[in-house]
Structures are given as structure tokens and as C-alpha cells.
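Two complexes come next, and they have one chain in common, subunit A, joined by subunit B in the first and subunit C in the second.
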Partner chain A sequence: MYEGVVQDLIDELGRLPGVGPKSAQRIAFHLLQSDPVDVRRLVAALVEVTEKVRFCELCGNVSAEDQCRICRDPRRDAAVLCVVEEPKDVVAIEKTREFRGRYHVLGGAISPIEGIGPDDLRVKELVTRLASGEVTEIILATDPNLEGEATATYLARLLKPMGLKVTRLASGLPVGGDLEYADELTLGRAFEGRRLLDV
Partner chain B sequence: MSLYRDEGVVLRTQKLGEADRIISVLTRHHGRVRAVAKGVRRTRSRFGARLEPFMLVDLQLYEGRSLDTVTQAETIAPYGSGIVSDYARYTSGTAMLETAERLTETEREPAVQQFLLLAGALRTLAAGEHVPRLVLDSYVLRALSVAGWAPSFTDCARCGAPGPHRAVAVAAGGVVCPQCRPPGSAAPHPATIALLAALLTGDWETADASEGPRRREASGLTAAYLQWHLERQVRSLRLVER
Partner chain C sequence: MHVTHLSLTDFRSYPTAEVPLDPGVTALVGPNGQGKTNLVEAVGYVATLGSHRVSTDAPLVRLGAQRAVVRAAIARAGRSTLVELELVPGGANRARVNRAPVPRAREVLGVLRTVLFAPEDLALVKGDPVGRRRFLDELLVALAPRFAGVRSDYDRVLRQRNALLKSAGATIRAGRGDVRTLDVWDSHLAEAGAELLAARLHLVDDLTPYVRNAYAAVSRAGTDVDLRYRSGLGDDVGDGPPPGRDELRDRLLEAMARSRATELDRGVSLVGPHRDELVLSLGPFPARGYASHGECWSLALALRLAGYELLRADAAAGDGEPVLVLDDVFAELDAGRRRRLAELVSGAEQVLVTAAVPEDVPDSLAGARIDVADGEVRRVR
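Now for the complex of A and B:
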């Protein structure tokens, strides 16, 4: 234990995701030894983010304005909607430059054991968005883990009767890995999602 | 500190640090254990989807002071894929995992009957043999019986007077005769009591032939009975699809 303010800083840092007590201590001492100008810049960024960043009223992504950059961009295809769990998933998909449609951020995945059901996610907002009929295809890009799969199952059942084309992001073998190390579920999915090679 | 090997059902996973998870597993011989699965959240993890809830796995663990560490995992039965593909199965299955966790609160206390019951119920659920809600209710009644709280749906739960009886008193442990009947007892449809008895004994012919309203009534009583014996609420019950 350290004295007063130093310990307070360590405690605060330790509440961040992925930061254990040791890491919190390391970051705290790094900050103490840093140039005060750098630290003030960090503080300013933290303050700015809490004051200025909001969530896009359409897709739920983080945004500096009422509507995010992607929702405001007229070049994005309004007919295709990609449903993801978190804003960080939008960033990951944007990096691929493969997708030209728009997004819908759920704010998590269905997890009954944690008490999180469909009503705790932005599912109602999704259904409302679909009412205009502009969207014709939905890509379910929830995480390829159990809760992500369950969320996709739930959404597919909800959306298919609305006459939409519903697809699920293919899950398969990690590029760069060896086949023999893949678990049965991953290998099974890779078989289901196999594609024709046009040569 | 030593290595041991056991098979078990993964009940729950919880994120730890950057890429690890703590898994709660109900094993055949060692009861419920909590173990760290290192690097499991990385896409290239050698554990892959093997350590997700519902999976029946063959594990090798390294015994630690408070938490064990998973060193190897092989799939015995991937029940998860058959369960997650259907939302009603998923919500019923999750309630089963949470119930199993609650009934084995003390870690490392052998609970072979609970393990066998859960593994069997998950197999049935994944295969889609019966309505998910019936599989859940049957599992709950039998798991409570194994835990020492067997309900009675034939003879009076208080005095043992031979049934059938019409009234159900959750606190008394099932049906009660007119003499033992406490005020405020439920009076469900006789077919509901027959359904509860069938679910408890595993008489699927009767259970599968039951009607919707009887199933809803039986579910309500089963849930009430479960909550009566567990101190805290079983969270996932609220989200089970009827």
C-alpha cells in the first residue's frame, strides 16, 4: 500500500478492464515519472471523451455528434446493415475495408446467466430502424463465442419473418494456423461455411 | 501441487485479464472446480471453443492454491452447438447450468450424481428430443432430489398419506393431504400434478403428451420450488422461453 493519492491512482487504474494490481502499479509509477505536459494531455483527452463523446442515435456507435460519421456518409450502402456487439467491432470491420454498408451496435450479447436478455440490448432500436424498408440485408457479426452465437440465433429468428436476407459472418479456421490444432466446433463450422473456388 | 485429469461440463466462463478466462466446471470426480484457461480468448488459442459453457470435456488440470490451471482439453461431446442453434434450448440450458452451479456451491466437493444428471440432461437438450422447457423442469426437480430435497407428487409430503392429492405446498415439499394442507396452498389442475410426477421420474411419454397450460403451471411450481431451496435468485430463469 502506498500513501493517499498514489494509492488512489493505483486503485482507479486497477478498475480498468484488463489491468491487474501489478499493471496498475506500473502505470501509476510511469505517470509519476512522466513529463507533466504529457500527463496533462492524457487528462485533457479523458475529460474530453467523457464530455463530448456520445452514442449515435441511429446505430449506437460512439460518435462526436448526434449521428456518427458512417451513418452520415451518403456513399455507404443503406440497404445492408451489419449487426455487431460493441463499437470496437465496428472499428475492426472498418479496418478490413470489405464492408460498405452501415452498422447497428447492440451494446453486448444475450447472457441469461448475467441477467442480460434481448430487452437489455438495442434490439428494439434495430427493429424500429428496419420499419422504413430501406434495409434489405442483415449481416449478423456477433462474436463467434457461445453468447454471440445465441444472440445471432435470437436475431435470425426475429428478423427472418420480416422478409429480410439474414446472413451470419462465416467462422472458420484462423488464417496462419494448422488444421490439426483446430477444435471440433471451429472445424465443423469451417466445413459448413466452405466456399466454391472459382478457378 | 499436482496434475490431475477428469471430465467435466463447463458451467460458466468469466474474463480474466487480457486473454484468459476463469472457467467453472462440474467434474465427474472432483466436484465443481474453478480453473484458469490461459490465452483462451485469442483466436489462435489451442483450446478454441472447447472451454465454452455446455461443453463436455476431458481436462488435464494443474492444481493451484485457490485456482487450478487447465493444461489440456479435449472435447468429449460438443453439446454447445446443438443448444445454441435454438434460442429456447439456449435459455433452458443456461438455467440448467446456473442451477447446477448453485447446487454445488462448495468447490471440490465430489458430486458425481449431479454431474451425471447434468450431462444427461444437456445431451437430451442438444438432441432436441423433448421441449426444452420440459427438459429444464425435469432436470431441476431431479437435481433438487439429488441435493436432498426430493419433492413428492403422489403421497402427502408431510404425513405420507397415500395420494393422489390436489393441493401443492412448495414449503412442505410437494402435494399435501386435506389434513396437512397449510393455508395458501396452490390447487393446480390434476394433470399438472401428474406432469410434475412424470418429470420427476423421467416418464417422457406422459410429459410429451401434456398440454401447454399444464406445462406453464408445472414450470411455475418447479421454479417456485427451486427458489425456495436456493437463497439467491437463479437469474437466468427469468429469461427462459416458454
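Now for the complex of A and C:
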């Protein structure tokens, strides 16, 4: 144990995701030895993030204003909506530059073990958003794991009766990889999802 | 296939051990508590990534050590493969095949195949259904490693569904909760359950003739052995030709719909392959509860030998026949059964036998002999 404030800092850092007690200690001592100007800049960034960043009132993505950059952009296709679990998934899809529609961030996936049901996700907001009839296609881009698949099934059953086109991201082989290195589950999925080649 | 070399570091009682092995019979001989079973347990771990004695890895690591390492050189079809496993209790195990790391330890499944028979296997006949379900599932994984993934998917869906039944049960019964979430887990459980169930049904069909043969060969009794898979979906599922996956999925869904009220009441999943039973019978009687001690031994042994023969028949595909491990088995058998078991296994590519005294190993199984005493492993023949 270290003296008062140092131990407080280590405890606080240790509560961050991916940071264990050893890493927390290392970061704390790094901060103690850093130029105070650098540390102030970090403090300012932390304060700013807590005070200024909000969640977009439409899609739930992180935003500096009431609505996020993507929701405000008139060039985005308002007819297609991509449903993801976390704001970081928006960033991942944006990097592809393939998708020109808008997003809806659920804030997680259905997982009864962790006590997360549809009411804990932004499902009600999604249904409200669809009421205007502007959106015609929903792309379900939840994670391809058990909880993500269950969330996708739940949403598909909820949204299909509303007359929407509901699609799910494909699962299969990584591009640029070797077939022989794919695990059997992925390869099995790729077989199920095979498509006709047009030549 | 056979193991040509086994090397241990901080595994069980061994700080280090180097054990060169030959094809054919090898007897590991030493007084009780000296570490014979630890050696065959390590061989089994390389094949199944689990121990036949304990369900967690912690007891496998020597007291005071952080991790254990098991290395096995395996000869298959004239090629040598080196599998290295690092066991880290509470963490993820790491694996290397021919010195190259593999992303998941699960990928070493299938490199070495073993069939292990140990005194604990008496529970296959006398114990609870969970042991017999595990027997079937382990054999499925040995035949097709893909089923390790099917099984763990099913277990995860089951845990999620049980958590939901427990938490949502009260609100749904009061008419306030949302049953649509439960519908979703029902469909996922039915999907994964149907795949597991279909595979088990086919396995029981394939296995039955081998069990009958092995039982007749070991016991020399004319008693008729029968295996019946009992599914909660109805007796017709286990009798007659196995229904297809789609039919099983639909029937699982129907069964869940029927028992929904009870499941919500009790907060657990009552339908699915996790509740099924493999009924073993000798003549007109179920073996469990009716069979004598000797009959139970013969039947447990017949189940393992049948698994061995099934894998061996499958080895025509080029995987090489499995390594047979008989842990402390001969001491429990009478002279006739001992002799017949020795005859049955003498043709195997590699057999590892453990015994407390050399007299326990039948003369017809004379082969290499390794003495184990005080954690020292010494080849004497």
C-alpha cells in the first residue's frame, strides 16, 4: 500500500477496463514523474469529456452536440439504418466507407446472465425512430457471438411485422486469409452462407 | 498413432519427467501414490484438454508452481507431431503444435486420440446420467472436434436461458414481463440442441453393435446388452431411425412451448439434450441398480472398448488408431476377464497400462516396463 493520495490514484486507475493492479501502479508512477503540463492536459481532456460529450438523442452514438455528426449530415441515406451494439462499432463500420446510411446504437446486447434485457437497451428509441416510415431497411450488425445473434433474432422478430426489410451482416471467411487457418465454426458458417456466382 | 515421448514440467507430482515410449504394450508399475496415473493423465490431457480425474486444471499444477507444461511427441502415419501445452490455472491455456503457436488450445484436439479406461468409469454404469451424457459427448468430440464448439455453444445458450427463466419468471407470470426474449432463447436452444441431439442419436446407433461385441468378449456371458437413448421428446426419438435435425428442432420448440409454465415456475430449462439419459440394460433389466459389481465392471469396460473400436474403424480415414490407456484396471478383474481383456487389446497399436504390482499385468501383455517410484520414472525393460 502507498500513502493516501497515491493509493487513491492507483485504485481509481485500476477500475478502468483492461487495467489490472500492476498496470495501475505503473501508470500512476508514470504520471507522478511526468511533466505537470502533460498531466494537466490529461486532466483537462477528462474534465471536458465528462462535461461536454453526450449521447446523440437520435442514434445514441457519442456526440459533442444534441445530435451526432452522422445524424446531422443531410447527405446520409435516411432510408437505411444500421443497428450496432456500441459506439465503437460505428467507428469500425465508418472506416469501411461502404455504408452511407445512419446508425442506431443499442448500448449492448441481450444477456440474461448479466441482467441485460431489451428494456435495458435502446430498443424503444429504435421503434420510435421507425414510426415516421422514412427507414425502409434495417441492417442488424450486432456481434456474431451468442448474445449478438440473440439480439439480432429478437430485433428481426420485432421489426419484420412492421413491413421493413431486415438484413443481417454475413458471417464467414476473413478476406485475405487462408482457408486452412479458419476455425471449423467459421468455415461451417461460410458453407451455410455460400452464394451463387454470377458469371 | 502412438506417443513416442512424453515430457512433463510441474505437472501433478513431477517437477520434471521424461518418458520415452514405444508402440505396443507399456506397463507403468509402481506402488500406489507414486505417480503412475499422473503420467497417463497427462497423455489423456493432450488428447482431450481435460483430466479424467478432476474437472479443473488447478490440481494438475504442482503445488507452488505457476504453470505446468505437457509435451507429447506423437507419431501418426509415419510423421511426427509435437504438441506442447501450457496449463495456467485461472487463465487461458497456451498450445503449440510443432513449435508454432496455435490461436486456441482447442485446435490441438484431434492430433492425439486416446481411449482411457480407469476405475472411475464404474460410474458410467452405476452413476448419474450426467456421466453417460459426457461419455457420448466426449466420443463425439474425438470423432469430430467440431462438436467441442457445438457443445460449448449449447451450454452457453442454456446458461443464458436459465438466467432469464430465473429472473423473468416472476414478472412474466404476473403478466407484465416480455415473453419475446424467451422466444428468442427458445429458438437458439432448439437450434443448438437439435444438432447435439441428432449427433448423439447417430452415435448411439453406431456404438451399440460394438458394445454388444465387447461385452460378450469380456464377460463370456450370453446376456444381451442394449443401449437406448431416452430423450425428453418421447421414447420414439431413441427407438427406430433417428429423426432429422429440422424435425428435432421443431419438436424441441413444441416441447418448450408445452412446458413453459413449469419452466417459469422452477426457473430452469427442463427440455433438451442436457436432461436426456442413455439407458444401459443387461437382458430385461436396466444395468443401473440391477447389475452385479462384476457385470457393471464388464459393461463399463465394454463401453470404453466400443469407443475405442469405433474410433479405430473411423481411423480408416487416415487419422491413425487411438492410444488405449488402461489405468489400474487389471487388479479389479477376475482371472478369466483379465485374460480376455489382454487378448482383446494385444493387437492395439499402443497400450499404456498402469498397475501397482507387476503380477497384475497378464503375461500375454508382456512388453516394455517402466517403474515409477518416488516421482522417479525408470525404464527397466
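The rule we apply is simple: the second predicted complex is superposed on the first by the 188 of 199 C-alpha atoms of A that agree within 3 Å, B and C clash if a C-alpha of one lies under 4 Å from a C-alpha of the other, contacts with A are read in each partner's own complex, and residues count from 1 in each chain.
The rule is simple: a contact is a pair of C-beta atoms (placed from the backbone, for glycine too) under 8 Å apart; a residue touches a chain by one contact, two chains touch by 3 or more.
Here the structure is a predicted model, which is why all the values come from computation and not from measurement.
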item: Clash or fit (per the criteria above) of subunit B with subunit C on subunit A; value: clash
item: Which superposed partner A:Pro112 touches (first subunit B, second subunit C, both, neither); value: both
item: Which superposed partner A:Val5 touches (first subunit B, second subunit C, both, neither); value: neither
item: More subunit A residues in contact [subunit B versus subunit C]; value: B
item: First (subunit B), second (subunit C), both or neither touched by A:Leu146; value: both
item: Partner chain(s) touched by A:Asp183 [first = subunit B, second = subunit C, both, neither]; value: both
item: Which superposed partner A:Gly18 touches (first subunit B, second subunit C, both, neither); value: first
item: First, second, both or neither for A:Pro174, with subunit B first and subunit C second; value: first
item: Subunit B clash site on subunit C (candidates 19-27, 55-63 or 307-315); value: 55-63
item: Doubly contacted residues of subunit A, that is, touched by subunit B and again by subunit C; value: 110, 112-113, 115, 117, 146, 149-150, 153-154, 157, 183-185, 188
item: Touching residues on subunit A, where the partner in the complex is subunit C; value: 110-113, 115, 117-119, 146-147, 149-150, 153-154, 157-158, 183-185, 188
item: Contact footprint of subunit A on subunit C as seen in their complex; value: 103-104, 107, 145-146, 149, 153, 156-157, 159-161, 163-164, 167-168, 178, 180-181, 183-185, 187-188
item: Of all residues in subunit A, those that touch subunit B in their complex; value: 17-18, 20, 110, 112-115, 117, 145-146, 149-150, 153-154, 157, 174, 176-177, 181-186, 188
item: Residues of subunit B that touch subunit A when the two form their complex; value: 12, 15, 17-18, 43-44, 46-50, 52-54, 75, 78, 80-81, 84-87, 90-91, 94-95, 97-98, 235-236, 238-240
